[in-house]
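For reference, the structure I am asking about is given below.
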Amino acid sequence: MIYQLDFWLMVILVLFAILALEVRDLLAAVGVLTGFSFLMALLFAKLGAPDVALTEAALGAGLTGVFLLLALVFVGRESED
Amino acid sequence: MKLFAIILIGILAGFVVWGTNDLPERGDPTSPASTGVSTYYIENAYTDSKTPNMVTAVLADYRGFDTFGEAVVVVAAGLSCLLILLRRRRREDGTEGGLFSQADAEKAARMAAGEGLYGDGT
Amino acid sequence: MMDLLLDNRALVAILVSALAAVAVALTGERRRNLRESWTVLAALAKFGIVFSMVPGVLAGERYEVNLLQISPGLELALKVDPAGILFALSASFLWILTSFYAFGYMRGGGEHKQTRFFAWLAVCLSATIGICFSANLLTFVLFYEILSVATYPLVIHAGSEKAYRIGRQYLVYAITAGIALVAGTVLIQNAAGTLDFVAGGFLEAEMGTGLLWAVFVCFFIGFGVKAGVMPIHSWLPNAMIAPTPVSALLHAVAVVKAGVFGFVRLVGYTFGPDLMGAIGAAAVLAVFAGGTILLASFIALTKDDLKARLAYSTVGHLSYIVLGVALLAPQAMLGAAFHMVTHAAMKITLFFCAGAIYIHTGKKKVSQLDGIGHQMPLTLTAFGVGAVGLAGVPLVGGFISKWYLAAGAIDAGALIFLGVLLVSGILNAAYLLPIVTRAFFRRSPDHVKLDEASALMTVPIALTMVLSIMLGVFPDAIFRFFSLSEAIVASVTGVTFGAMP
Amino acid sequence: MTADFLLSRYPYILIAVLFGIGLYGMTVKRNLMKKVIGMTIFQTSIYLFFIQGATKQGATIPVRVPEMGTSPELYINPLPQVIVLTAIVVGVAITGVALSLILVLHRRYGTLDEVELLRRMRESA
Amino acid sequence: MTSRFESVFLYVVARAMVPLIQVFAFYVITHGHYSPGGGFQGGVMLAASIILLRVSMGDESYDRFPREAGIVIAGFGALAFALLGFMSMLFGGNFLEYALAVPGMSADELRYWGIFFAEVFIGFLVWGALVAIYDALETGGVE
Amino acid sequence: MSQIPALIPTSLLLASLVALLVGLKSHRAAHLIALAGAVFAFVCSILGLQAVIQGDGEAIRYAMGAWVPPIGIEFVLDSLAAYMVTLITFIGVMVLIYAPRSLALETPGRQGMVYPSMTLVLAGLVGMCLTGDVFNLYVFLEIAALAAYALLAIGDRGAPVATLRYLLFGAVGGGFYLLGVAYLYFAAGTVNMADLSMRLPELMESRAVIVAAVLMVVGLGVKMALFPFHLWLPDVYTNAPSVSAGLIAPIMTKVSAYAIIRLFLDVFPPGFFTESLPIATTIGWVSAAGILFGSVLAVAQHDYRRMLAYSSVGQLGYIGLGIGLANPLGMIGGLLHILNHALMKGLLFMIGGAVRLRFGTTKIPEYVGVGRAMPWTMVAFTVGVLAMVGIPPTAGFFSKWYLLLGAADAGAWIWFAVIIASSLLSAIYFFRVVEMIYRDPETDSAVADHEPREAGEAPASMFWPITIMATAVMAVGIFNVLIVSALLERVVAPLGG
């Protein structure tokens, strides 16, 4: 099956998404989210959208992560849920 | 409450999946999306603008206005962040510096009580 | 220019007082003489304009003005017909007298915010005349709502917590009524596709009994509130907290009569007597009116506050008119139309007197009035005339209208309502005449000397008294009220009366 | 039917799951940062929907290769990619604004718990 | 505060990397026609380079890239894009109709350059705006 | 002339960009540029409106970049769009004239950034109205939303919290809309509205289209603050600066309502929203619930702005009812209410700002004596209140009139009753304020413990916009038939009748 890679990528994406939301440490959550975005970029590339993949990698995985981390500097990394 | 939200989201997700039933098969080259406008872009992108990358051609030319709008969104976001966060920034030597510090509260109060379009006689 | 004004007399009659309101508001408190001359000028002009249309209307002329389209297929339109001019004539004539009386009253009492008072009074008059001359329901609703809102500042004039509370109550009633009217109007527009008043009615039985009943209920609420039909009357006695000229003009002549006039329009010009009878709505209306007459009279008996007593008397007498309309008999309708005028004249006399007594002596309660007839003989004489008139004694206007009402009740075969009329006549006498006897035949606890209120108040009182008597002796003199009443009945039912009584 | 459906539609199901997870994060989580993270996941799932719907069997990326010519079935549909490109930038812009709001309100109220925040806001009003 | 992380290594590496990143970013922007990439991606890279500068050099970086510069660059980028759109209107075309922007050139050539300039402007704009957002966030909501 | 559809949004965008750059140095120059842009856009909209009316409702179509749709993006100036655009730019001009003094008080030191944001909001909303492309609509939606977040967040202390909630709601709404666009695109292969309306009739049974319609309507419904999704609205308007509230409350939610109407009338096949799917009816029911909910809660409020916010929830329901009735009269009522409510709410929020400037309060019990202190402003206020309650001949009466006619026509008696009940409720909560402002601490025994208010009419730059808006409220009421017959009757023609 040529779509097998897609499938496993997507499953991992779902796991990452759940993880990003359920981890209590916000720093870890942001890290997982960055990983999520990066995998997503990979999937985009796999699906034949290199432009989008590049953008997602740069913006989603890169800058969003930086912004979130920057915010964490001020608001702290604890979360109650 | 939490359970209720999860059930609702589950129903929504189910609904979304239900809708995909009538979407074309995955990767179907005869689907409406593949046979619609996109064929024009694929066929003519190079002849119209000598640009091999069709995404760029569509982005900057055919749907250039979308991109313009998007550019404005980015600027709007930058502007919004500045508006929300940047008011006064204290430099290390204690002087008021940085962006946008023309008016402080006192001046504002004067302006509110004053005359003219901007409250200071002008 | 002159032609334009003459052609649009109906509109000019409305605008005159609106302009006066603006002029009054701009002139302000400091130049009060100038301010008051605006009021007088407008009142005279308005009366003149309305009066000038009377002969034409009697001759069959209908002055029409189409202002502008306000909704596709619906015009803001004015049309002067007998019913309208009858009401407009009485209101505009009494405004003249009220104006003078109000000058005396307000100055005598040193009331605050007189500018606001006179301006809103003028606006109310505009709206009232607008109601009179409305050619269709939408225009009617428009002026009706303006009247509701414009009355509010007058009701809260006193500025006390109680006044505001009553003002709120008034607003809730008035807005409810207005919304009910709008709802009914929408139903009619939806079913009939037209809103123009037609003598004899324009609704058809084919529209379905359910819909017609819904329309009737909406309008019953809409007009019933203003007309003080029980059980939705309770704002009216409370609203007597307003200054007496307001009570006099608005709660005896303009505002409440607007509700009654609405019933005239409803029965005579929207449903039509036949349809009203066919669906049974008339009977319901008559029962409510009859009940109100009796109940209000009984309540009036128990009231010690003079204005409250008069207020309940008003509630009762308004229902006379509603009853007359609801009986559907031509004679009753004639009586009802004429009672609109006679009741206005008599009740305004009574209110004027009450106000004069209050301003002059500070007395508000019936029980305080012992022997006051010796102090203010003219005022109390006028009061007596009004009282006997309301009770239905001949030679005063009330007799004639009651006579026709009674005749109509017999005609309609509704003898129970004849009984209601008779009982209430007795009750009327029972709650009004003791005041007169008290005033003249009991000895006052204080020392009394002849001391009338100022001429600004007594002259209007005398004039309204004369008017009341004139209506009883020569019902058709000068103003041609009786002919107009006959014209109404003729246009609605087709029945003409030969000679006058 | 179910097996077939799953085989051909599994991306949609997984996308819907991602969509649901994102929404769950936005609605149920009380921490505002978590909400923003949920928002990112939610938006990304929509981008994925676009991209994966645009795939075309036997087609290559939408960059013209001179030897292949420009037959429509040879290239993947570029339009959804453009749409997603635009949407990604919009999404990041929203995230940026959301974060700046979070900073301000954290400075003012000292908490990121939504319920607590609303309570404090009402109290101080 | 000179830097968030007092590290000479970071300082040196970052300073060395910034120009490289910028060069690559310009390459990405200008080669949007031929390969994946374009204004957005390149602009993000430019922004990333500045952010790296900020992280590694702290306040010193404001001398190289002032705080105001972000929004100004963004504004001018967007303004230039808008004027590019208006340009063809002057010659009777529609908004963003590159083919009419300059009389006397062939349509496809013009569109090529139109796309090129649009990408460049977008690159600048994204650069500026993202740096502006970063700068704003970096203040942490001072009041 | 043919450039008008493009000129309206682009001139606003240009103005905002220039104002942004200039605003870094001088907020005055930014104000003047923003104002100039708005005035220019307003003039253009008037010209466009005139052209549309003279052209018998024939739409002016404009292809961006001269790419014929569906290849490129199309802007369509038809009767409905011209109507909305004129309204938006009018409100924009008024608020921009009004803004400086209020901003100096409420957001000191940030004015230079506020003006470009205001024009951006206007540009986004105008673009949403004009665009003929469902995805372009999303882009403009987000432009307007982003600028609006900033404008709303700089208000009182609680503003950021409220705005973040709005942002999250808005993101969900935008996401739903975008997902709907995706379904629509994959089902029909195009994102152009005109093209879609040609292709969709044969796809009416497609589940994908059904899901697309539901998602798009729900997404826009969230943005519109339709009843269950209204939760963000009250806090946002309560904490926002007067200028932002005066700009955003009148038009922002309306434009989302407009987008739903646009989808209903022009994109999806006739009958799709009414027969295939009960979307219109559902909107009607939730709107009815929203009307009651908003009106009842408005009665309980003591903060002027909060009361207006809840009133907005109710009033938006009227527009929803117009959609729900789905007959010509009801739809005319809904569309007319977009205009009326925009004028009335804008007027009332602006007056709230003027009172705040002079007396520093937004609490209704502290409004005592304001009527004496700023008489003409309060005359305008009274006009606004009368319109909100629906007293003829103000504007508010006529939208209710058409809605009631439409409800009677459709036999929707419960909705009929809801409209009537809410009129009464709005009378209760608005006349409360009227009573308060006309009380006079000097002569009124009931409120003698209040300090007398010093005389202080709103400054001219605030007074004149308020006056013009109040006049417009009256004029739209009296001359509504011109609007209805020249524009709206054409718009609702697809509904038959």
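Going by the order they are written in, the chains are A, B, C, D, E and F; count residues from 1 in each one.
Everything below uses one rule, namely that a contact is a pair of C-beta atoms (placed from the backbone, for glycine too) under 8 Å apart; a residue touches a chain by one contact, two chains touch by 3 or more.
These numbers come from a predicted model, not from an experiment.
Q: Treat touching chains as neighbours and tell me the shortest step distance from subunit D to subunit E.
A: The least step count works out to 1.
Q: Indicate, using Cα centroids, the chain positioned nearest the centre of all protein chains shown.
A: F
Q: Where are there more C-beta contacts: C-F or B-E?
A: Between C-F and B-E, the larger count of C-beta pairs in contact belongs to B-E.
Q: What's the distance between the Cα centroids of subunit A and subunit D, rounded to whole Å?
A: The mean C-alpha positions of subunit A and subunit D differ by 10 Å.
Q: Measuring centre to centre with CA averages, how many angstrom lie between subunit A and subunit F?
A: 37
Q: Express in whole angstrom the distance between the two chain centres, defined as the mean CA positions of subunit A and subunit C.
A: The mean C-alpha positions of subunit A and subunit C differ by 78 Å.
Q: Between subunit D and subunit F, what's the gap in Å when you average each chain's C-alpha atoms?
A: Roughly 28 Å separates the two chain centres.
Q: Enumerate the residues of subunit C that touch no fewer than two other chains.
A: In subunit C, no residue touches at least two other chains, as defined above.
Q: Taking each residue of subunit B in turn, which ones touch at least two of the other chains?
A: 16, 20-21, 23, 26, 33-35, 37-38, 41, 52-53, 55-57, 59, 61, 63-70, 72-82, 84-85, 87-88, 99
Q: Which residue numbers or ranges of subunit E touch two or more of the other chains?
A: Residues 34-36, 38, 40, 68, 71, 75, 78, 82, 85, 95-96, 98, 126, 129-130, 133, 136-137, 140-143 of subunit E touch two or more partner chains.
Q: Provide the residue numbers of subunit D that touch subunit E in the complex, in ascending order.
A: Residues of subunit D touching subunit E: 61, 63, 85, 89, 93, 96, 99-100, 103-104, 106-108.
Q: Flag every residue of subunit C that touches subunit F in the complex, lowest number first.
A: 68-72, 76, 112-113, 138, 141-142, 145-146, 148-149, 152-153, 156, 159-161, 164, 167-168, 171-172, 175-176, 178-180, 182-183, 186-187, 189-190
Q: In the complex of these two chains, what residues of subunit D are touching subunit F?
A: Residues in contact with subunit F: 19, 23, 26, 32, 35, 39, 42-43, 46, 49-50, 53, 79-80, 83, 86-87, 90, 93-94, 97-98, 101-102, 104-105, 108-109, 114, 117-118, 121, 124-125.
Q: For a test of understanding, state which residues of subunit F touch subunit D in their complex under the given definition.
A: Touching subunit D: residues 135, 138-139, 142, 145-146, 149-150, 153, 156-158, 160-165, 167-168, 170-172, 174-175, 178-179, 181-182, 185-186, 191, 235, 238-239, 303 of subunit F.
Q: Using the touch definition up top, name the residues of subunit E that touch subunit D in the complex.
A: Contact set of subunit E toward subunit D: 34-36, 40, 126, 129-130, 133, 136-137, 140-143.
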